[in-house]
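Given below, in the form of structure tokens, are the structures.
You will see chain A twice below: alongside chain B first, and alongside chain C after that.
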Partner chain A sequence: MATNNSKTLARMMVTPAVILLLIWMLIPLGMTIYFSFLDYNLFGDGENKFIGLLNYEFFLTDPAFVDSFFNTLILMTGVLFITLVGGTGLAILLDQAIYGRNIVRIMVLAPFFVMPTVSALVWKNMFMNPVNGIFAYISTTFGFEPIDFFTHIPLTSIIIIVSWQWLPFASLILLTAIQSLDREQLEAAELDGAGKFCRFRFMVLPHLSRAMTAVVLIETIFLLSIFAEIFVTTQGGPGNASTNITYLIYTQSLLEYDVGMGSAGGLIAVVLANIVAVFLMRMIGKNIEG
Partner chain B sequence: MGSITLKQVTKSFDDNHVIRPLDLEIEEGEFVVFVGPSGCGKSTLLRIIAGLEDVTSGEISIDGADATHMPPGKRGLAMVFQSYALYPHMTVRNNIAFPLKRAKLEKNIIEQKVNQISNVLNLTDYLDRLPGQLSGGQRQRVAIGRAIVREPSAFLFDEPLSNLDASLRVNMRLEISQLHKDLKTTMIYVTHDQVEAMTMADKIVVLNAGKIEQIGSPLDLYDNPINKFVAGFIGSPKMNFITMTMDTNPEVDSIGVRPEHFNISDTEGTWKGTVGVAECLGSETYLYVQIPDIGQLTIRTDGNCPFKYGDTIFLSVDSENVYYFAKNGTCIPLD
Partner chain C sequence: MSNNKSNKSKMLYTFFAWLISLAIFFPILWTILTSFKTETEAIASPPSLFLFDWTLENYNKVMQQSPYFKHFWNSVVISVGSSLLGLLIAIPAAWSMAFIPTKRTKNLLMWMLSTKMLPPVGVLIPIYLLFRDLGILDTLGGIVVIMTLINLPIMTWMLYTYFKEIPGEILEAARMDGASVGQEILYVLAPIALPGIASTLLLNVILAWNEAFWTLILTTVNAAPLTAFIASYSSPEGLFYAKLSAASTLAIAPILILGWFSQKQLVRGLSFGAVK
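Moving on to the complex of A and B:
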């Protein structure tokens, strides 16, 4: 925007969109904050009394909250770890000159296009089912007791499902990063006497760090709010073993019809997400600036 | 240390023969320049010597030992790339130290060597910077430093100056020549710029379409080109070729005269022509003269040249400065 004239014009043109966006965001946020201070149960007497911070107190002291908080973190870090390590490995494999590489790349990307509910159902019924699932079949073939995934290792099972969904995303981003690595650098390192592992450690990995940061940030946003996979498979159980904060809010506000408690939980989730975001930015954000 | 021998080396990608059977002997301590037009295989040849490309057939030996299938890191050669290929996330210090660390030298020895090299190359103030914070010339120096620090048996340069601006290129050219005089290590240098080749080389290898046209010292190639290609490639501005037949020798198809060998007169001469563009460089002048039936000739004359656009001039040449070429391009010695 060069001149004052064009600046003013630009502001005027942008104003309607900004106002619309503000209304879109501020009204729901304001209503959520308002509800979170009310004793607002859909099966209640309709008085909706103001009860101060009581909703927050109940939500935070609920034993399910602590469980779900750690479940959220475990789910997030588990999936991040698997997708970063697996994604780097896959990216390196996909970077090799193999016959039909374009088709392989498209196929690797496929899980990302499957919607969460569908992929969770496929995993639940076709892979992890203790009677009909393929894992059970493999176990019994070798004479082992089949694992009942969603009963014995519910959170791990969900981590596996979500990792499967996000692996293509990580692979794709890391693959494009690997492809942008200057081949002459690798050749120079080879001449300098660096072996394969050394070249990966000193050339490829530092080159990928920026792409990895992007993967971590983007995935974190989505992983904090995993819902469909839990809803379809374990329903948060057994007990609270696979309940994350998103799912806890759902059970509070919709299964128990407690709008006030749900709103308070939602706001707490927003605060927690922001804490995680600030933490991440501090830790790895400087990678992106450079 | 530092003699390299290529025996009947070839390289082809599918049906594309990049290097035709080629023999080459590089003596210890020589500064050898591979020169040729783009796509002549000179970079491929260098990469074959470095071990970054496999030979299709033939043998390479370095210091008498067979190196045909030796991995690049084991050949004891250092290479400076056109893009410098510095490691962008490492400081200058770590870039230079990288090959030493790979060789598992002790820490204090590494530090000592890095300091010594950075002194020689004027990099001491930049040791803690990243390559991205350096200018083109400084990056070039770091790349050279990284090569020198290993004390290789030979240096390979792949068009190292082509990314630099003109004045810096002249400086770096001098520095590399000076470096060769100091280190007395074998250097192999690839370029398409015949000025670099002429000024730096002990021995020039002129390549064309994957085969060696001629090997010799710069002046040898200038004075006694073996064929029309070498005659046209070595020397700047390019040699003028005039198609003509001679009664005394029926083989002759054309003659060649270098721009600096013409005698100019405004009254008489062998060829009469009109001056087209005159480029005055101060120290010398290039005249582009249109001769009817022959075409354009390039003439090089002194700085204060009285001729200008549109003047009619006469050109002649002393017979000892004329090169004669047969129809197939080979140079025919007359006398």
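Moving on to the complex of A and C:
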């Protein structure tokens, strides 16, 4: 009796969240699907003719799409790789007995709190600027030609900026995981003659897998739709060299006013993200609930 | 002897840890320092680290040039407003999923998380057009609603992982003693769950403060938060390093301080309970 009551109550309590999220997903997504079949320009004649799959054809055969698809992947895997490897190293270092550990931790964590527009602008102007930037100063001091970051290696520059933003997150999650490691087991392994590498490979690394899954999942959510860092630095250029899918769709729909094409692109982005999502959900399903 | 050896390694680790963490922190430190320089000193070569004439002139100029406090206030309203509104919806949902789970609870949670995987560009155009037609482009109310919806899945998940750790027996005991559901929540659950709720709130305030897709697209002047305020410095006119630094410092300082004070709670919350 009490259980029946509480079940009804439970359903009532979940309902608002579910309904809101359903609305949030279905209505805009439905509209996107509808628009994607129309010849719809924000400043067009307002006829918005039905043109079938033409928008998809144009979007998918546009060389910019192929470029931005690979840029999105490179951006995501590049940042994931740097933050996971760097984060693990940093976590191990911060786990050692060191002086001033709290201050060190505060400094490492700081970039996570910096908003993307600020970090992108600071890196762009004060560090990567080929004339007045600090990197330019360092290279000229040592007699090298300064690198023009955003002209010659735009995507790499953005990877550097985004990695700087996410490294703290990865390190701290991994550090927390390392600290929960069973010390006695490690010591026993050491006494049995297991070397440093051996202990890392067969004891620390497996223990970190859950935390790494969490890092990959959360970072991916944000990395798939990087926008501000590109918006304030390269604007996707030069050419399409640093355009990701999010930025491409933004230019098509809000700068070129092509709603139909932008919608088709948006849906393709959703499908691609879902492929990644299914893959990730399997991973967490195994790792987090278990 | 072994003591001596471990002391040596401690010094070595300390050295590397400080070296690396200073390198990571350097861009922020440099921004803060540059904000107190004159424009000439800001691009001086060789750059000076501390030995320059400290000035507050840039802060004055930034405040005069653009209404900083208006943007600051917008950021506060957007981040705190959307987080509180989100809590209001997410707490009941997470509570019921944690304490009265059904067969579908796990699927429901996964589905909620999957809505977070929906790339914002997928719904960019409809949201933009809906906002335009409803006349809520560039309004605080509109952007608060969007932020709430964006962070709702994360909030529900975080709260769920916190609530699940509360032993159900406590609730049963309270129920045995004749507590109603309302009393159960107010007197038993709330005190235990408060730390989890607080860190969920904090994390969402930080995420919303730094969100820079919807805020850049849906606001122009009136509702523009600090992310948009800073983005206006990306034009060539903004190539004044000292002023840019002052504006940046003003934009990140509040959240940096808040974040430092709450770092322990944040780390746990962020990992969705995957790391204890």
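Keep this in mind: the second predicted complex is superposed on the first by the 270 of 290 C-alpha atoms of A that agree within 3 Å, B and C clash if a C-alpha of one lies under 4 Å from a C-alpha of the other, contacts with A are read in each partner's own complex, and residues count from 1 in each chain.
Rule of thumb we're sticking to: contacts are C-beta pairs under 8 Å (C-beta built on N, C-alpha and C of every residue); 3 or more make two chains touch, one makes a residue touch a chain.
For clarity, every value in this text was computed on a predicted model and none was experimentally measured.
Enquirer: Between chain B and chain C, positioned on chain A by superposition, is the outcome a clash or a fit?
Expert: Fit - chain B and chain C, as placed by superposing on chain A, sit side by side.
Enquirer: Tell me the contact category for A:Glu190 with respect to chain B and chain C: first, second, both or neither.
Expert: first
Enquirer: Just chain B (first), just chain C (second), both, or neither: which does A:Phe127 touch?
Expert: It touches chain C, and chain B stays clear.
Enquirer: Can A:Thr61 be said to touch chain B (first), chain C (second), both, or neither?
Expert: neither
Enquirer: In the three-chain superposition, say which chain, chain B or chain C, touches more residues of chain A.
Expert: Looking at chain B versus chain C, the one contacting more residues of chain A is C.
Enquirer: Should A:Val108 be classified as contacting the first partner (chain B), the second (chain C), both, or neither?
Expert: In the superposition, A:Val108 contacts chain C only.
Enquirer: How many Å separate the nearest C-alpha atoms of chain B and chain C in the overlaid structures?
Expert: The answer for the closest chain B-chain C C-alpha pair is 6 Å.
Enquirer: Name, in rising order, each residue of chain A that touches chain B in their complex.
Expert: 182, 184-185, 187-195, 198, 202-203, 206-207, 209
Enquirer: Which positions of chain C touch chain A when the two form their complex?
Expert: 9-10, 13-14, 16-18, 20-22, 24-25, 27-28, 30-31, 34, 43, 45-47, 89-90, 92-93, 95-97, 99-100, 102, 106, 108, 110, 112-130, 149, 152-153, 156, 175, 181, 206, 209-210, 212-213, 216-217, 226-228, 230-231, 233-234, 238-239, 241, 244-245, 248, 251-252, 255-256, 258-260, 263, 267-268, 270-276
Enquirer: Can you list the chain B residues touching chain A in their complex?
Expert: Against chain A, the touching part of chain B is residues 50-52, 71-74, 77-79, 81-83, 85-90, 98-99, 102-103, 146, 150.
Enquirer: Quick check: in the complex, which residue numbers of chain A touch chain C?
Expert: Chain A reaches chain C through residues 2, 6-7, 9-11, 13-14, 16-18, 20-21, 24-25, 27-29, 31-32, 35, 90, 93-94, 96-101, 104-119, 121-127, 132, 134, 137, 141, 164, 167-169, 172-173, 176-177, 180, 210-211, 213-214, 217-218, 221, 224-225, 227-228, 231-233, 245-246, 249-250, 253-254, 259, 262-263, 265-267, 269-270, 273-274, 276-277, 280-281, 284-285, 287-289.
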